[in-house]
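In what comes next, chain A is part of two complexes: it sits with chain B in the first one and with chain C in the second one.
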Partner chain A sequence: MTEAVELKEKHRTTDDQKVLLEVKNLKTYFPIKSGKFKRTTRYVKAVDDVSFYVKKGETLGIVGESGCGKSTTGNSIIRLVEPTSGEVFFNGENIASVKPKDFRPHKKNIQMIFQDPFSSLNPRMHVFDIIAEPLVTHKLYKGKELEKRVVELMEIVGLDPELLHRYPHEFSGGQRQRIGIARAIALNPELIICDEPVSALDVSIQAQVLNLLKRLQKELDLTYVFIAHGIPAVKYVSDRIAVMYMGEIVEVTTNEKLFSNTLHPYTKRLISAVPSTDPTKRTIGDSDAVADELNQEETSDQGCKFAARCPFAQDNCLVDRPKLREYAKGHYVKCHYPLKH
Partner chain B sequence: MSEATSEVKKVKTYKRSGNVKLFLKLLAQSKTGMVGLFILISVTLIAIFADFIAPYSPTEPQLSDILVPPSWQEGGTSAYLLGTDNLGRDVFSRLIYGTRVSLIVGVLSVVVAGFIGLIIGVVSAYFGKWVDQILMRIVDAFLSIPSILFIMVILTIFSPSLTVLIIVIGLTTWVNYARIIRGEVLSLKEREFVKASQTIGTSHLTIIRKNLIPNVMSTFIVISTLSVATTIILEASLSFLGLGIQPPDISWGGMLNDGRDYLATHWWMGTFPGIAITITVLGIIFLGDWLRDVLDPRL
Partner chain C sequence: MNLLEVKNLHTSFYTDHGVIPALTGVSFSVKKGEVLGIVGESGCGKSVTSLSILQLLGNKGKINSGSIHFKGQDLTTFSTKKMRKVRGNEISMIFQEPLTSLNPLIRVGKQIEETVLLHKEELSKIEARNHAINMMKMVGIPQAEEKYAYYPHQLSGGMRQRIMIAIALACDPELLIADEPTTALDVTIQEQILGLMKKITRELDTSIILITHDLGVVAEMVDRVVVMYSGQVVEENEVEKFFANPKHPYSKGLIRSTPSIDQEDNLESIKGSVPTPANKPSGCPFHPRCPFAMEICKSQAPENMYYGEEEMVNCWLYKEEVKTS
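Here is the complex of A and B:
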């Protein structure tokens, strides 16, 4: 709790930009049921005490390996998954605690772009119906006006309006993702949560979609929470980056500082795991890269969650859990012994 | 204003291509599908125009012409193409009128069962938790009772009429739909497009109507057509047991029942309704198989 308050006070005093989204001590646990009567025996702590904020107009990248809870964080904000505890402030209102019924109006302001463009579009609906769905749901347009708006949206995302009455399976992955983006911006939302929007696409298409997202941000004054497991995409679009590990944020800072002044050993390993485009600098087999898979069961409740894999772990790392602290201005890290530069 | 109208005109041109043509093209590619459709259309036409096709009244006894063999057999006359039964009624005419009952019972009880099963299956899977638990226990309860026994009990309480028969068959067979549809929806609701609708704020009813039901429709249509076949057989068995359509109404099952006692000596009474059931059921199964391949927009 103190951690979050501290965080909040810091950024409130140092930043002039308005904070659009603020997540405080967000926890999302999934029960594991076992035994004869399906009693809850343990919990998977998918999101474990996560706090961060996003300022209006910026892009916060959330990066981490598979299963670290980054998608669950996004889903918890938009209430696709009900958070176990914690607060989510959107424009100053706590949207994590309102009843599902009262959350509906907020859905207009927070939208989501999904990972898999092949599963995020209903195969039985025309492109028109898909893009029109949010407009119809919130009763914003009707009849000819609706068609006009949908055509306009298709043009904004770079789709040929001639394709209005096609089915999604007639499109390529990149085009499908554009349809998904058109649907997300249809309601003029303030915040868009991009849940790995490019990881299912070819590399050549990835750049196009990322550029589209950047352009839309400027044109429509959007704020993004950009979730991805690949460093390059996050680095390309984000103003600030949060690194997640096993349901916790281990480091948050600006895009430049995260790479120039890496503090957390995990962040360093994550960055070094990105293959270089220079063949002479290949890092395959590098001992620095994270080799083993995440294993939730191995971590104890004590100490730093990364301690077992950390090359710099000291004795107290195994006992004492570090807190997210501001190591340098605007640079938060959850480590007892941040890397020296 | 003129700008707006030109925009509208432009929009008007974004029309989808015709579906009927594609449908016929796909039908032409499948021989079994063609055969199935042909049989089903013929049977339907026979049912509709029975009054014009049948040469004799199906119910009026002609005591002078009892148990006349089919026309090609010794003793048969060209007046009675498929012979007459023990009351001197023309088997061919009775067969034609029997088509009506078999088709009506087959189709309508599938409509009843399919409607209940689809709704229960989708609701159960989509809402999950206790809703699912309760509905699925009800389904289990229905499954644990032998359906023919259940129908027999109901039909002994209520006098068997066409309506009662349809409702009773519908009420016992909906569980099959519910289970299959539930399974489909369980996987569908985890798909991202359902989640996308949820993040938009679409109501549950609209999600069910627009996202879930259209996506289970192909499965639904296939099991429905195949169920028409099994229901026709079920109706025939009930009539055979004397619990189905009561005389003087005619059904193929009832004709089978009448012919049972004469099977050794006058084979035509029971054989022809049996053949009629087989051909109709086969036709429907062919059509159902073909529909399964066709009802997928990705093909």
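Here is the complex of A and C:
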């Protein structure tokens, strides 16, 4: 039995809330071509055997540093990038292997919110056309009905319907992100993948958008996969959090346990690097400022990927790759020597 | 005496769409060995402030009035030639994006060496090279001799930012201006770079102006905070007093809308959005977003109200309080 199946079985017995999305052993590799004949010599393993589930109505946060594969995971689910192997179950149906044509109806139920509200909206379309586009594509509304629905959507996300016929450049970053959100909820999707939805926004606007996403979740019964690198923001919106490192999930658990009972050394490192907003509790500068950065090319195919940076690594960590296992109830970790508390 | 004293600085940009006032009366000072944080959101003028100090505004930007005294001399009166001697030597700068601020065609070690040769004419080429390698060691680059011959693209973002710091500190400047030095970096790398800046500047007794939008970085790094909004300073205070008791409604909103790791309650947000310099509101520029806005705020810009020499707030709410104290 694979790890992923174990996850699901255990989960089913503990909680009967419905699993909406389940990702099993997802792999997305990008080939590197080199030499005279541009033969594929190596692969970048952007997503390397990732398994997780998202229950209906909850928010799963995926957090990690740049290049850890969190965005590729999101893109592979919605098939903006074709996964190399693995399965993605949405409402029980495997959507990773269906033909592109058959995937289309599912797109109605899975929507995406992108990071950069400046480049993700077509500059030559009116706000009306941007928000109406998915409704027209799926032939849901026409004429007066369509306009009514678009106005309704603008009101839901807190945009003035007067601005219906403006172009994206006339809006601020926060308002543009609201347009992106209106478009994403237009089709009444069940799942929304939010890929860094606030990191391009000003601090005072970030809170507005995070609160809007939380409110919409309650009102429209949405399920989120919330991908971000900002740990405080992920903590603020997520019910459960998955930590990714170099294409793998190294720890998954509830929001509360991830911080109170951190098991993976990488998670601990990540949390402690977040600057505190209290000047009386300074932590930076206490430890030595020695450079330790990950280098994708130097890591071997063997052993734990974090071993080279890990302060607790033992000999077997370098040769024996750990598996994601359930260390405590609902708390999964990929480490031979989880931290003791 | 203050190392740097900026007084009532007005800077405008002359564009095809008219004159855009970017700074409207900015005043602050930096003491020797101090870390001053300038906080604000995009378009508030925090970067223009640093470019004004170094006079790197380009041909469209111009300082209209005000003074910038550095070690007693007014930089606004300096000629281009004289200013060139100050830049990189006495005042240097670290920019946000290390990939675009390094020359991609020159080996990183050479770029450090270049700065040294330009400002320290007494050094020979070999001495300059050794100095460059020592700087690379100081900023924590492993195998510095080997990395000397690397091109910027061969290094990671964190390593590039270390090179930028090495260039900035190569001539032992008295003031370092760091404009969002870690915004493009991952959080674990940010921790290292901030730690490095703290350690080295303490050793060399360098003063820093740290420009950032991240209140976490401010809380970790600075001694004093200056908050900017729409081209002006709205609050100034010591860092601990600032976080314990922010005065300006904008500062309060900023602190309450920043999620922290110990966040329990719901985040409060500031309504509306940041005004662009081209359409600055009348009176107090924050009044359309302010929950405490009064009649006077709409028509009349508040004065700077001082509680002490270094505790200032630019808000009508505190008029009476300041008078009686």
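Observations on the structure shown:
One rule holds for everything that comes next: the second predicted complex is superposed on the first by the 330 of 341 C-alpha atoms of A that agree within 3 Å, B and C clash if a C-alpha of one lies under 4 Å from a C-alpha of the other, contacts with A are read in each partner's own complex, and residues count from 1 in each chain.
Assume contacts are C-beta pairs under 8 Å (C-beta built on N, C-alpha and C of every residue); 3 or more make two chains touch, one makes a residue touch a chain.
Remember, it's a predicted structure, so these values are computed and weren't measured experimentally.
Annotation for the three-chain superposition on chain A: chain B and chain C fit side by side. In the superposition on chain A, contact is made by A:151 with chain B only, not with chain C.
Of the two partner chains, chain B is the only one that A:121 touches; chain C does not reach it. Once the two complexes are overlaid on the shared chain, A:78 sits against chain B while remaining clear of chain C. In the overlay built on the shared chain, the residue A:108 is in contact with chain B alone; chain C does not reach it.
In the superposition on chain A, contact is made by A:65 with chain C only, not with chain B.
Once chain A of one complex is fitted onto chain A of the other, the partner contacts of A:205 are limited to chain C, with no touch recorded for chain B. In the superposition on chain A, contact of A:183 is made with chain B only, not with chain C. In the superposed pair of complexes, A:137 makes contact with chain B only, with no contact to chain C.
Once the two complexes are overlaid on the shared chain, A:164 sits against chain B while remaining clear of chain C.
With chain A used as the common frame, chain B approaches chain C to a shortest CA-CA distance of 10 Å.
The touching residues of chain C, counted against chain A in their complex, run 41-42, 140-142, 156, 158-159, 162, 186-196, 198-199, 213-221, 239-240, 242-243, 253-261, 263, 266-271, 273-274.
Of all residues in chain A, those touching chain C in their complex are 65-66, 172-175, 202-208, 210-211, 229-233, 235-236, 259, 269-280, 282-287, 289-293, 295. Considering their complex, residues 78, 80, 104, 107-108, 110-112, 114-116, 119-126, 128-129, 133-134, 137-138, 144, 147-148, 151, 161-167, 169, 180, 183, 187 of chain A touch chain B. Interface residues of chain B facing chain A in the complex, by the touch rule stated above, are 4, 7-8, 10-11, 14-16, 191-193, 195-203, 206, 210-211, 214-215, 217, 297-298.
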